[in-house]
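Both complexes shown next keep chain A, but they swap its partner, so chain B is in the first and chain C is in the second.
For the complex of A and B:
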């Protein structure tokens, strides 16, 4: 009969690696069938339960308590194993005690003054403070720790942004800086592709595949899984993008992330449009606005992102368009085709914000009154609401002509986008009515651009060539597919990129990597193994993990500053 | 001073084309500055208001009232114009009176017995009844009318499905059957690309671009804008897909639509996987699961869909995989990498339903308890909830090994998917722990497939080649990218396609097109102009648009049947 015995150590702090090693050592003891060494969180208790390790006694452990459980073939074997916990822990301590290790970040920074980077992988509840200390010492932070609050993340990133420092994370698993991997990182060739990724395995999958394809990576910058949330506003990703844009060794940039908040996506992509280098975007799960919008190339998956980046290198330098963008004005799209309107929404929502429509893709894009435009607006004039007793706008231009004049009279409008759908069933000569109206607008307000998508074939009854020629003569910029029109409008109407704060110094990316590691020792070992200079801090939680006492100490420290 | 005068004709019915022509004729009368001829819906009243045509008097018009408004330079000019309304309307009537036209669908069907198609473009409130009549006569329906209720759509489509008939629409603008355009359609070359599209301009943009690229279209089948909603279950699109799959003249199929409901997408794509031909999918705004899943190719935009279809023709015939799919079992994915888990969710949500995860893409995919799988499940074991006081699963395999055994013990599980991420910082030899566990599973339950994605480079410290070899030896199917693994799993696990009802006869698609047109005369003219046989029904609403009377008549008719 198996016996389960356990011990709860309230408020005890141990490195996760130590706990894993303790568990393994316990499993190796005579008579032990299974063992659990975990913090007593609800999830961990449930996991113990699934392994038959939860008892009435040990289920009382709290989230900050260390819980050691032994399942053994006899009660005495279980008891013997528990008795060895302290000696197993002290054996572990002894093995690292011979090296000199600084006890604090400050001492470590004195010991290795060139260290521009601090890796933080202590438990979440202590991590923000260590990161704050690192920023105070003017170091970039690689924040591997999870379970850091969103408020802390925002505060840390704002502090960093003002100082030209990066906070990669929290929950940032991976970075490659100047050829050296931080945290989890594959060994990849150096080369001209720079990557900024929110999360860890996204960066790993992309950089590993670039390597497999024969390409190489300049830097891979992590931002953390929440960086693209509305509240965080992609501070780190925008800083990383800006640094790679300025980095002469980076020729193509890849952005990888879960889908960002809509306004964050628009801001990021506007910034990416302005970098003057090709940018491959893989916002996993975000519907790509197009295959290509100017210098932006949208990938469908991590390995395709790597493939596109590698191929873009071959195609040579991206030329910025010479036309100045239209600034501070709105787009109004007046469509007769519902699907064309929808595809245009999809393409432009990536770069224009806020964007409204009566054919919205997301609910917050809903135009309150389809009869009145606001901000950037795309209207489907074939919508049911317009169609009671009225012919479709592909046949009857009356509604569109009236709306066209209404939009042109709005002083905030800088561009009007129309579709003209030819073919059987449609108006026999739409240019005869639309071209004069376009000419009138251009004569009255030359600053308004009119862009027209003409869908048709040369066999259509309206004479495609003549339709296109007359619309162009009237002053419209004419395209034959929505894709081309979207690319043009996105290029002309993109917003100026927002400020990223103080620029991150390229020197800190290019100098031989030197780092201070606080937390997981394996990260230190890995840095040294890669030839980087590194110092491991012999970190202990303030007041040995007693949070009340730690709070008092922190207050005292603050009042002394 | 301008004078505005108006007239309300309660409950009057006129064809929209007649109303447009009346408005134009009124605008041509002496002294008339503007004119509005509309049904008195709220949207139309607001539009009149924007043009300065709304008065206290005419704003009383109801949605079923015809409202005629004249703005003229004098009160007498406005009055004179109003007086001419009847003569302008009767002039219009006289011009079409000389041809003989059947008054009912039944008579039209007797006159043109070969007509397999009925085009319906009468006002929405009458359209469902006309469509029902057409189905009773065993004709396919092209239902251009908008403002038809969802309930009517579902009922019509279910009736049609049982009879092997198509109801394209409501709100279907476009179709091309056997070279003849119905409704709005571009004149395009005939060829081997078949298209099924929910909406009109999607079909037009794709077919026109195929033509521009030198390709050609076999048939383009419309389904209507709501066909892919959960309630309608893509009845028409699935019928169309099935017909094109059986059609020997169609070699590549394109599906175009706004994003479908999740379960509808899964069902449609499962059906598309089974057709044995390449299928290009452009669900506009639906994040593509991958660039390619077996025979499915995902486009980012209408013109790209056309380009992909054209290129696929060149590449030759698609071969169905010879392996039988795993049927009636679940997938369990146990990931150490969050982004890999998320990308896999994205790829598999397109074909597996229901799919759950603690890294869900949509809210309804949320796994209630991350510690317990249900149906198809993808778990991110690096999630914060697992990570308190525990090393990341890339370093510590304990949690994953326990979960692996748990999943393998579930009799409903047919496939287990793992990632193994190599590189700096990760476990020094993951295969040493995972391979024996995989071997154990395969020995105990050979029917469970284990698929592993290994992310790494040949320079990684773990020895990529040896890791892959040992996992494969243990019985795992190993891939180097998530993309390849997703494609494999999607192919192996896809559900059998649901029934589409009675098959649509290919003969009705291949015989020379003959059609009955009820509604917009321009559609009739267009059919005849394209060389098709057609009959125009001289349709009038039951009881001249008086709906109470119409309801009584319908009841009497029913009781006589």
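For the complex of A and C:
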């Protein structure tokens, strides 16, 4: 038999919602069949009556009285429930209720307007759109997601480039910006070494080793595994290089990557030559053209790259050549020596592109017609093609003189490189024929530089000193080793910077890092743990993964643009 | 098609609308299309055979009130024979809470949008307990309705007329939002402001002290007194935003107890409907979710206009309705910013540093983010004649927003 117990608390006002909640809590107590917690208004009493909760005792309650009625399976259960009322009324949910998590990038950006970075680690098929949204909001993107199409990557990077923003990735696992690691990153001391890497473990290995060696990192910028592919054209790496070049806190730059496409590497290294800071290059598996080309230092491994960078800091600032580089012109190399030609190819292919030769290192460098140069060209005039019915160019200068004039007549040519090999058996006085030709060229076109490598000793019959002096007098820049000549040519032919699009704002690198994380929660936790400001987006697939609707929504977005 | 521009236009019209309570009139005299056997109801169109219990109950009561039937049986028979016709309030510039029934002889508030000139209408609030809007139609319900219609509404009407310029509801709402109301489920402050404004006017027009006292007490005792003019004001605001070519903003959300329906500014007068859901709520003593009728009423016009559930952050007193905390209320409003086009120029919330309420529901954002509008609501008993059983939170079905997006793509050849 059910027992009804009630309590009237005169003059006790509670919001009706609080009372309804109390009532719900009472209903959850053991043995309670029904409960009513109301202010004693006539309407409420009527409701209680309908539920069989009104008794002669409790119907005396007035409109300003709190009336609590319990119907329970026993009198003691009802009494126990009544005793719980006060504790239930004072019970509060834990005050550490969850902070609001924005559901979209847009809202997150409103919540944390200072966030210059957006970390994206949602599934690949959604990642490009999130990255696009981030760029539309003028934020840099750290794109951890993989399975983003190459077309999307190119489009995103071009958009970013035009806006002075970085898209690090896709498939970028690591970056360190202003001392804060994004994604997977080691805790690395701050310092003057800036790193740009195709990212992932290479970047981690270099930055960690720099730390171990006592050095520190200004920024480590990831570019993504495909950035150095021909189609992507190292957009991000070149932007990163440019930013670090301008960054006053960065004194040495390290470039790390898997082997890049040759033309991309050339463009990148040409740009690196112009940054005015020492640059350590480690293109893993890529044949280094030399140990050093001007400000470029080639490492053969990740740890060596870190070591070189740390040592370069100690050695102090690298001086830029005061001469302006030659812009928008081609090099023509006319060699009598095959090995010298080959070494020059090896050194210059790193910075000149496209580069052709009748003695190519790679197939795509093959000069279609050995008699006709194109773009940058290195010709080995000792090649069999030229030897039919003719003496070797070390003995007979005739072919070389004609080719010299031919090149000088080409308006696109800005530099001609020659070798002069002295010694027994060679032409008795090469300068007597070459110097007047050089002088003639320089008189006609002063802008053409002629560079000569003279190989010989002071004991050689041709009189080394006199050969060098006469060539120099004719206007040539003369070197005694190919290495020096290559370094000089590479420096003089470097591309001026400026092709990176709108410059990445240094302020966005230097201000305290604030980021929006879309995807892996651990990235958010890590940012906050490092003291960075961060907002986690409670991201869900657009239209709950309904492709038809998502496609319409995407069209609607496009129709706005 | 510049959707953003269209939406900016629509939401500006919604916010710039200035609804003023101008008069009280008889429905058949002022509401376009009203005629003697026509009964308006809440929500999208619904036929008698599909009407929910409380809606049928309210219709029966209205037919009795109109003198077309004397009993429940007579009224039901009339409806079944098709002698009574039904149409949605929303298609006639009107709104009504819960069943929302407006019959030809009922007195209605007339709210005029001074900015754009359109008008909106709403019936009178009957208070709590057994009321027509919850589907009750007993003698006492009809008796109260007659008193409201014959005595109370006339006094209010004369008072409004005596004011000269009417009551600026937008200004009243802006103030009430600063006093803990969200304008839908909590109208305590707004109703007191209404009473404060009416009292001196009623004192002027009432024929004696008893009438005056009775009228003022009726307003003061009912914390929902102002809900009906507020709903008419919201209707005037959202109607101003309707019909903007290319806009993806919702201009109507309404329920008839059977279906939930929305209309979209750039998609004409087409309704997108799906079965209404049962609100999650707290139940009055003796009731449970099993007693609840699916979602009903035009009052979601408040959320459509950027208040109600969208302004939860400013109404912490009612958060416990859905068993939550003030923090949750804050989060509820923050969530609604995700699916809206603007922050209201006039409706601000002190607790959010006077940020405007989230205004102008965008079907694109709802579908893309999977976030449904949040509606605070009362809950009616599923059977006619019983009344309110609780209050709580409800969300519309996602399907109607998805359909609207598809319809938009078809209409605008996307």
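Throughout what follows, the second predicted complex is superposed on the first by the 440 of 561 C-alpha atoms of A that agree within 3 Å, B and C clash if a C-alpha of one lies under 4 Å from a C-alpha of the other, contacts with A are read in each partner's own complex, and residues count from 1 in each chain.
Assume a contact is a pair of C-beta atoms (placed from the backbone, for glycine too) under 8 Å apart; a residue touches a chain by one contact, two chains touch by 3 or more.
The structure presented is a predicted model; accordingly, all values stated were derived computationally and were not measured.
Touch criterion met: A:38 reaches chain B and chain C at once.
Chain A is touched at more residues by one of its partners, and among chain B and chain C that partner is B. By the touch criterion stated above, A:26 is placed in contact with neither chain B nor chain C.
In the superposition on chain A, contact is made by A:47 with both chain B and chain C. Shared-chain residue A:476: touches no atom of chain B or chain C.
Of the two partner chains placed around the shared chain by superposition, chain B is the only one that A:184 touches, whereas chain C remains out of contact.
With both structures placed on the common chain, the touch criterion links A:82 to neither chain B nor chain C. When both complexes are overlaid on chain A, the residue A:513 reaches neither chain B nor chain C.
Where the contact sets of chain A with chain B and with chain C meet, they give residues 17, 20, 23, 38, 43-44, 46-47, 50-51.
Here chain C touches chain A in the complex through residues 1-4, 128-129, 248, 282-287, 317-321, 323-325, 327-328, 330-331, 334-335, 337-338, 364-365, 367-371, 390-391, 402, 405-406, 408-409, 412, 414, going by the rule given at the top. Those residues of chain B whose C-beta lies close enough to touch chain A in the complex are 14, 16-17, 19-20, 23, 38-39, 41, 43-44, 46-47, 50-51, 63, 66, 123-124, 146-147, 171, 173, 181, 183-188, 197-202, 204-205, 208-209, 211-212, 225, 256, 258-259, 284-288, 290-291, 298, 300-304, 336-340, 342-343, 345-347, 361, 369-371, 382, 384-392, 394-396, 398-399, 402, 406, 419, 421-426, 455-457, 459-461, 480-484, 520, 522-523, 526, 529-530.
Only residues 15, 17-18, 20-21, 23-24, 34-38, 43-44, 46-48, 50-53, 69, 92-93, 97-98, 100, 102-104, 107, 110, 540, 542-544, 546, 548-550, 552-553, 555-556, 559-560 of chain A touch chain C when the two sit together in their complex.
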